[in-house]
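Letters A, B and C mark the chains in the order given here, with residues in each chain numbered from 1 onward.
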Amino acid sequence: MLTRIVHSSITRRLVTALGTLFGVAVLVFIMLRAIPGDQVTAQFGIESGALTPAQRAALESYYGLDQPLLVQFFSWLGNLFTGNLGFSARAHLSVAELTAQSLPVTVELAVITIVLSLVLGVPLGMLSASKPNSARDGLGQVVALAGLSIPAFLLGSSVMAWVATFWGQNPNGQAFARLTDNPMLNLQQMILPAGVLAFGIAAPIMRTTRTAVLDIRAKDFIRTARAKGVPKARIQMRHILTNALVPITTMTGLQFGYLLGGAIVIEQIFSLPGIGRQVLVGIEQKEYAVVQSTILIIAVCFVLVNLLTDMLYRVIDPRVRAL
Amino acid sequence: MTVTPPGPPMPSRPVPASGAVPSRPMPSQPVSAPGPVPPPTSDTPKAPAKPRRRAGTNGLRQILRSRAGAAGLVIVALIGLLCLASACGWLPFEPNTQDPLVRLQGPSQTHWFGTDRFGRDVFARVAAGVVNSSLIALVAVAFSALVGTLAGVAAGFFRGATDASVSGVTNVLFAFPPLLLALALASVFTRNWFTVAVAIAVVYTPIFIRVTRGPVLSLREIEFVRAARAAGRNAFAIMFHHILPNLTSIVIVQVTLSLSWAVLTEASLSFLGLGTPPPAPSLGSMIYEARTLAAIAPWTMIAPGVVMVLLVVGLNLLGDGVRDALDPQERTRR
Amino acid sequence: MLIRTHKKHLPAAVAAIGALAVLAGCSGTPSSTNSSTPPPGTSSGGNLVIGVTSDVDTLFPWKATQFNTVNVMQVLYGTLTEYDQDLNVVPGIAETWDVSDDRLSLTFHLRSGVKFADGSDCDSADVKSSLDKIRDEATAAVARSQLSSIESVEAPDAATIVLALTSPDAGLLSSLASINTAILSSDDTEEVLNETPNGTGPFQLKERKPSQSLTLARNDNYWGDKAKLDTVEFRIIPDETSIVTAMQSGNVQMSVFDDPLVAQSAATSANATIQEQTQLAYHVLQLNATKGDLTDINVRLAIQCAIDRQQVLDSAALGEGQVTGPVTSPAFRSDPAARPCPERDLDKAAEYLGKAGKADGLTLKVMVSSGEYATSVNEAQSIQAQLAEAKITVELEVLESGAYVDRWLAADFDAAVALNGGRPDPDQAYSRYFTSTGNLNAVAGYSSPELDDLFAKGKSSDNDAERKQIYNQISNILEDNAVWVWLFTSFTYTATTSNVQGYIPMANDSMQYLRTTSIN
């Protein structure tokens, strides 16, 4: 009985997820065609005016632009199922190879960002909640407000200029180092962008933590525990924090999902060859297959992260687990 | 089926996305869990348990009662005054009037925030920029609130195919990286402030669908709505008379939160070169244009930067205040 | 352009006619400070890092049009002829050449010992196959139209190439110096070369990390003086201000900016040496004389009179540049003052508007691309403000570059703010626009039998003085009819840290002198 419910719910989710991904595929396909210009004009600029019709036709067939739109769409979709995500003429690499290089960068950035924002946000939230409306609450609130209000591009540009001026160093000016090649340099290059992003993401995490802790503290079982004389620290850790984990996890999962496609500006400023830039350059060069497949990959990650978050509740929250 | 699941505690305030990632504001429930029943993590079904008090005449007093709300109101009011002054032409300079003789001058008594590379008055441009940025944010949020709420209500009320299609579209929009969505939309059309607003609105509409659909699912099951349905009242009449009024506070809270995000999103788009086109100033595009000037004329960047952060702070504080005012539980807790 | 990366198209292919006046000799221009010829005897080697905002879009030289791509191709591949630093045509793979008396046959004698990077010899078969493929439409090479006067290519022996021409072409030698006519091995295909470039240039590809960097190493098979640098890395840093901070911290030693402000901040904060180089490319307000009110010459003249070019230059580029007439190449330079309104004259503008029956003013739609080059939108704003004073209301249409290029090519605009490529030879610069058969004539929106005639004369003449006079006439016709409103030429700024020596910027943006550059 139980397994059947779980099964059907998982199947339903998978079907919905597939439907969603198909929708994303259609949307990105249409949107790209609606943006003026194609790969030929993107590559040749105004020089494409000097191309003869035969030259233009040769280029269109080279890029597969001479096919009817429906054929383009379904051959792309069909190729996806065979594992062929398309080819980037610009990079002379397949989209799969490109993504294998760029996705880890963004995922690493997102992971470091999330860790930093949890380290910053959760304690700050608990601190704030420990004495609402006090000075320390005020401090926490102000930090959170700053995080919510200062745009990342402003903070990012200023931080980098400041570090280069006063420290005389700019790890991000060096060639990008992969985590596997040169972990030290890689971490140096990641820490500033992740810090800038984390400053913003810590804010909602802090607020979530604060509200959750306040909510739970008002619950009966905490009062009971207090009355029974359970040590304060134990209440804080064992009872309150474990219960607060669910909303914190939700928030963290959502933020992580958005970071995968939302760190473009920071990738741009700090020259990180992540997946956001892959999309950006793809749009710029009108490399349709690159953009389509990459957006789809981001969407897949997003859906997966959300599924994982949901599953994580079941581990964390006894009540959900009992269901 | 009545939906009041024994949910684990959720933040009773919808927590916004960060300002750092100008992504979309958080939906109050995970995206991968669509389907007719809100998952147990949703706090929204709480809302209609008792029909909400509407934001009445004492709303303003309520907002002022919280320190955050009061501070936010003051900041927003001051900035609003600046907008008014700019819109009514009370400022000494016009935002777009170029004066080659006073290029790149620092702040002075004549030009309070200095001048830019065309000799335009930065103060006047910041003021006009606030007008434009706020206008874009307002239109974007109004549009998404309207469309999102209607779609959310329809989905929740009619269920079935309507719900399936609305939820399907919502899921797709959610899974699409928000900044890229806005970016693509903004580059499809000839750019003006309105298309930028629409691009942002499309990104934010799903939020409003999400936050309204859940409550409607439970509202349609409560006694007086059932009674109305049994009495054969027109579906639209029920929606407008019984359901929408009960969603007011949820929507208002979401609107105040979305405003500050919309301002930041516009700025991010401008930073990528896709915001409000010149010569009309917006805070984001002013910062973008001033980036290369920052070394020799820092005021061209600092002025719009500071005002933008202030505006967002004000809107955030005001949002907090509004939420406190509309959510008694939250208020007592402070 | 969409997004803040400068995917700058080289404003028109780098083709140019040489055998012209010395660019640096153009008196009074605050142009290149390139007194620094490479110090003799330095062979220090070293690795140079150049900061660039975008990756190359292809490794195939015949399809390279984007600024950064052309720069990389320039040092990987070789051409029959080349330019020197003053854009004179000098020998390349061809050591000498003879022109027949009727000027319908051109014989090249190839240098011996020219090898491709893979070690194979470059002989006349490779040259013939290259030229034939470029002229074949199926190849879609951008230089095809520049070689249209070639009727056939013969290779009588391994060291000789004979071109038979349909008509005398004063510009052909210079066209053959363009990297778009690079000589490729007859064994190579586009597919292969996109993976592993194989050229006769001073460098060869060492490593490519898409979107991150492209590293070249010295090609020891190069026929000329070997490059001094061991490697050159083009590091992709999308944000120009980030390039400046990278120079500041010493991670990047060289970069080319087109924004004077960025160059200035590199000079102050990164202590970089800045070399200014006047560009052949010209900033212009293109008017489409086939559209609406602009069909009336008086309206166009009113616009000309209402715009102060110096003020556009001052606002958009902080005065860094020179106002210009149509022809920008030093040898044929138009007198910027030779036009109906040499200075801004609002009274005259009003008079012209009156003649056009538009005394109450009119509305003009001006399109401009955002981000393609630094000053575009600023120029448009200055023009808008100035025309407003002459009762001409400008509606700006700020377009992403794809949209801009689409509409530009379709001539779907009233007026457009543009940065068009100048070429050393005025025929190559303007016949494509202003002859009725030119492939961009629709975009230019203007032609006349008189102009057709003059361009034909100019192309077939081989007398410099006569040609100068012809192009002066053309220039005057263009200005008197206010066909377009030519604004100014600007600089590029090559920023180098103090340990970089021997680099010479060129007016056509070429980075070919990386081969004489050293770093210590």
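To be clear about the criterion, a contact is a pair of C-beta atoms (placed from the backbone, for glycine too) under 8 Å apart; a residue touches a chain by one contact, two chains touch by 3 or more.
Here the structure is a predicted model, which is why all the values come from computation and not from measurement.
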Which of B-C and A-B has more C-beta contact pairs: A-B
Chain occupying the most central position, where position means C-alpha average: A
Separation of chain A from chain C, taking each centre as the mean of its C-alpha atoms, in whole Å: 41
Centre-to-centre distance between chain B and chain A (centres being mean Cα positions), rounded to whole Å: 21
Centroid spacing, where centroids are CA-atom means, of chain B and chain C in whole angstrom: 46
Residue list for chain B, restricted to those that touch at least two other chains: 183, 187, 271-272, 291, 294
Chain C, residues touching no fewer than two other chains: 1-4, 241, 269, 399-400, 402-403
Interface hub residues of chain A, defined as touching at least two other chains: 35-36, 157, 161, 268, 283
Residue numbers on chain B that touch chain C, as the complex places them: 96-98, 100, 103, 117-119, 183, 187, 190-191, 271-274, 277-279, 291-296
Contacting residues of chain C [partner chain B, same complex]: 1-4, 240-241, 259, 261-262, 264-265, 268-269, 311, 314-316, 318, 370-371, 374, 377-378, 380-382, 384-385, 396-400, 402-403
For the chain A and chain B complex, residues of the former touching the latter: 12-13, 16-17, 19-21, 23-24, 27-28, 31-32, 34-36, 132-133, 141, 145-155, 157, 161, 196-204, 207-208, 211-212, 214-216, 218-219, 243-244, 246-247, 250-251, 253-255, 257-265, 268, 276, 279, 283, 295, 298-299, 302-303, 306-307, 309-310, 313, 317, 319-320, 323
Residue numbers on chain C that touch chain A, as the complex places them: 1-5, 7, 9, 11-13, 54-59, 63, 65-66, 137-142, 144-145, 194-195, 209-213, 233, 235-239, 241-242, 245-249, 251-252, 269, 399-403, 405-409, 420, 432, 439-440, 443
Of chain B, residues touching chain A in the complex: 6, 8-13, 15-24, 26-27, 30-35, 39-41, 68, 168-169, 171-172, 174-180, 183-185, 187-188, 260, 264, 267-268, 271-272, 287, 291, 294, 305, 308-309, 312-313, 316-317, 333-334
